[in-house]
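See below for the structure under consideration.
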């Protein structure tokens, strides 16, 4: 398939939607990003990368990193994780406490904030570190050794982090957090602060299109585990708009409030699209539109 | 692929789970079914059918019919339906009223009872009938002209139907029901009462694996609409266990409390499995296990 | 105490608030009432009545009748009622289904709609009738034999009664309704349709200020039961504004969407105030203000 | 009235219930208290105190102190407090986060934990201190200069304080906490750790029976403010059992998980009863029974 031609067609088709929505406003660093930026990259399973627009420009990955911490926690600690976090769509905003109370401190899935805190807590327990473990993995998979934390973003997240602190303390009150809450939050905020480009991210999640194989062809996950993460992405990867995303795009995907979205066509390729303007549910407006166009133009939906 | 061999392997593998769980108990007709029954059928896109066990024995389709009414309502009335019913997983039991109140009478998706009532209401408005419209469609697609309503089941549903009556009146109070509630309920209960075998059902949902084409090769849905229904099945098709089902099975599927489950491998085949014992969330225990084995043995997951 | 002087002072003080708020709009008969009307009556325990403004003009009692059906159900059937309905404030709007689902079909208290339906159901079972039982009681206590149902209001309630039908069917699905839902609703809507004046109502609830004694000095309730109904009125009598009402007024009270409110000063007197304009929670704006002034001017709060 | 004789009668009547229920178990200090202890004291408005049983033995006041911090915050800061905390019963357990989320960080009332944290936050802002302000007040009103914090209890509360930390951070995320969360929690936990006897507490809340006058006859609250606090106690003072408490006892009251309950008969007297065994909702079993007997024996209910 001529992916470059597809990318060019997409850029034309979605031009009216670039700049739509509003960048995340809860921390200043995100709020000040130029909303007219747009980039998109496709990584084929063999490692060939195609890109368009601002595809090489780093942006704040935010919740997209939740995919990678989940993969690492499963690879290193195995299935036991699922006793502490569910696999069901939440039907509620990503930072809601309501469901957590009704369900006794067990988050619905690993992609809402509460669930991601549990995953990071698990990684901390397994490694004594979580954020550097993640960073090392992302550098290797993307082949980009310059990836790093954005200290200013991490500090901002922490300053405006009362909601996440509430989630962590709340789960701790149910015995579902093993490490001290401040340590956990520090690692969590650092993970969210990593900056990557569309190209970096498309490469980094290739293991999900390659049934568990890493860039160096060693195995991170079994075929079955890779499939399972894709399933969780499809049902839970885009906050409380997962149904809508599956309906429109029909691919496993994970979004972040930095405006990025990664998506997977198992066996074929991975995609990353970025544009800072978000819709009411926190997903990139132009990003969803671009992925929608991609599946329509190529027929490469999972359905 | 040698589907018959696959079916034989599945039957061997899941034998310990047949008889597990408990048949639905809310109406006598369902409660009295022999829980040791098990059948499974695969319909290839060309119409070839493979079956094993009790695959030709009719059972109560119940909520599985929600897939077909949705397809008919979209085919006949188009996208307008989505203004009255959402496409998000509910995260709540199939007959919950809670979310409906928070969201002003708009059901989360067409596969929870409230959403299916809206779909039936739409069909009623479009056709002046809903249950016979459905029956005609199912007869044609399955090639089985003997399909019919089970009057005893429909009457039982009605007798024990206070929860559904509550849902219908509640949505009516928000203006989201157009027809008289008793008429709507009558059609809804009749639809749920249709008896079909695994073979009938696998054939009847072939249009979802054939990108919208009916058995007679006329078009029911556009390619895009067929994909969309598959997406809704994957995210919402198995009550509040949709995430778990996607994780284990990885196929669009729809279950019913009669113990049946249909599933779709787009472009390849459709499946129907039946065994009356249900798990706590209302899905057939042996049925989910059999579909899990199917995707593991064949590698035919969408992920 | 010179109650007439108190009434005159109140009318002066609250003049700016008469006409504030909006009449109930869910049925036409209520929506068309002149919002500038205002009446207030005080009945001393000896039966002396004082009134001002439109205190002799009949209005739609609506939910105020819930006090009387509760008293009758307790007087005739005793404490068993409390196994079917709670005594806790609901913290939710009067017609909410959410709590009912979390609490398995047992309404929080007898003054939200769901709870009042259970009380009427109980009366129906005890008497074979509920609405005429209530009407007879009200005629006797008020000394007004002309009291009757307003057929037009009852019909309107029924036409727009989907929410109450939903509540009744929902409780029936939990086994908490003994009579057929349509019969129950008919009695419920008739009860709500009774028209009474402030004077009629102040007299009719005198048994609550007289520790259980009826107008003819026979005993309806024990001293303890009368106290208990007053307690339930204080904590639950004004929908989800009961805390605010206790804070401002400090008397057991019960409001209706017709704009009336009855209140009790145990051992001293009963009050009824009426003005059709409602606040956001369904309580008469001028009515609450008038009762607030009454307790401030007289010092006759229970606190 | 011969209060001493009343107390003796009560002790006889409720003997079977002393030792019922279970002491609070969330912190070790409370769990180890002898459940067979029982004390009760009555303070007349003139300062005469009557006591029985373990009425002079100090126990952990816990949530009872919420009454005093509320009174101080209103006395010192006025009505503005009500913009930050409501006055409605919550209908949920004392430490629930659900309602807080639906209502955007504004707690339902000042007696659930979230509301009390806001009150303490307000006191901190007004005084630069909250816990010592409270302690000084309690020493003066009770006439007991030896009252102090229990450092071990405060430390335990802090160690097991994740739920309260979650509440505080959660409200901070809505902008409803002005002071740093750790400082706020420290003051909050110290307040809860104060030890007092039934005699101390009955005296200390006499201002609520004396329409706002302190022990030294200076005015803490206006008559209207004192009435309002009594109203909030009646509707919200015993967690999600306020309706039941009003029904059985019919007095403004406030309970603590240390097993104490204070109650007010406006114009007459104040009461404090203590016994460590709690019911499922966190109220002293023998304590509620004793107050129930008191109102029955004396007729001194507000209703």
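Letters are used for the chains, namely A, B, C and D, taken in the order the chains are written, and counting of residues starts over at 1 for each.
Methods note: a residue touches a chain if its C-beta (ideal position, glycine included) is under 8 Å from a C-beta of that chain, and two chains touch if they have at least 3 such contacts.
Computed from a prediction, not measured in an experiment: that's the story for all the values here.
In terms of the stated touch criterion, the partners common to subunit B and subunit D are A, C, listed by label.
Put simply, the C-alpha centre of subunit A and that of subunit B have 32 angstrom between them. Inter-chain centre distance (subunit B to subunit C, centres taken as mean C-alpha positions): 47 Å.
Subunit A and subunit C, compared by their mean Cα positions, are separated by 55 Å.
Multi-chain contact residues of subunit B (touching two or more other chains): none found. The touch graph of the protein chains shown is a ring with every node of degree two.
The full set of touching chain pairs reads A-B, A-D, B-C, C-D. For subunit C in complex with subunit B, the residues that touch the partner chain are 96-98, 100-102, 162-163, 165-170, 172-173, 181.
The touching residues of subunit C, counted against subunit D in their complex, run 86-92, 99, 108-109, 224, 226-228, 230-232, 234-236, 240-244, 246-247, 250, 252, 266, 296, 301-303.
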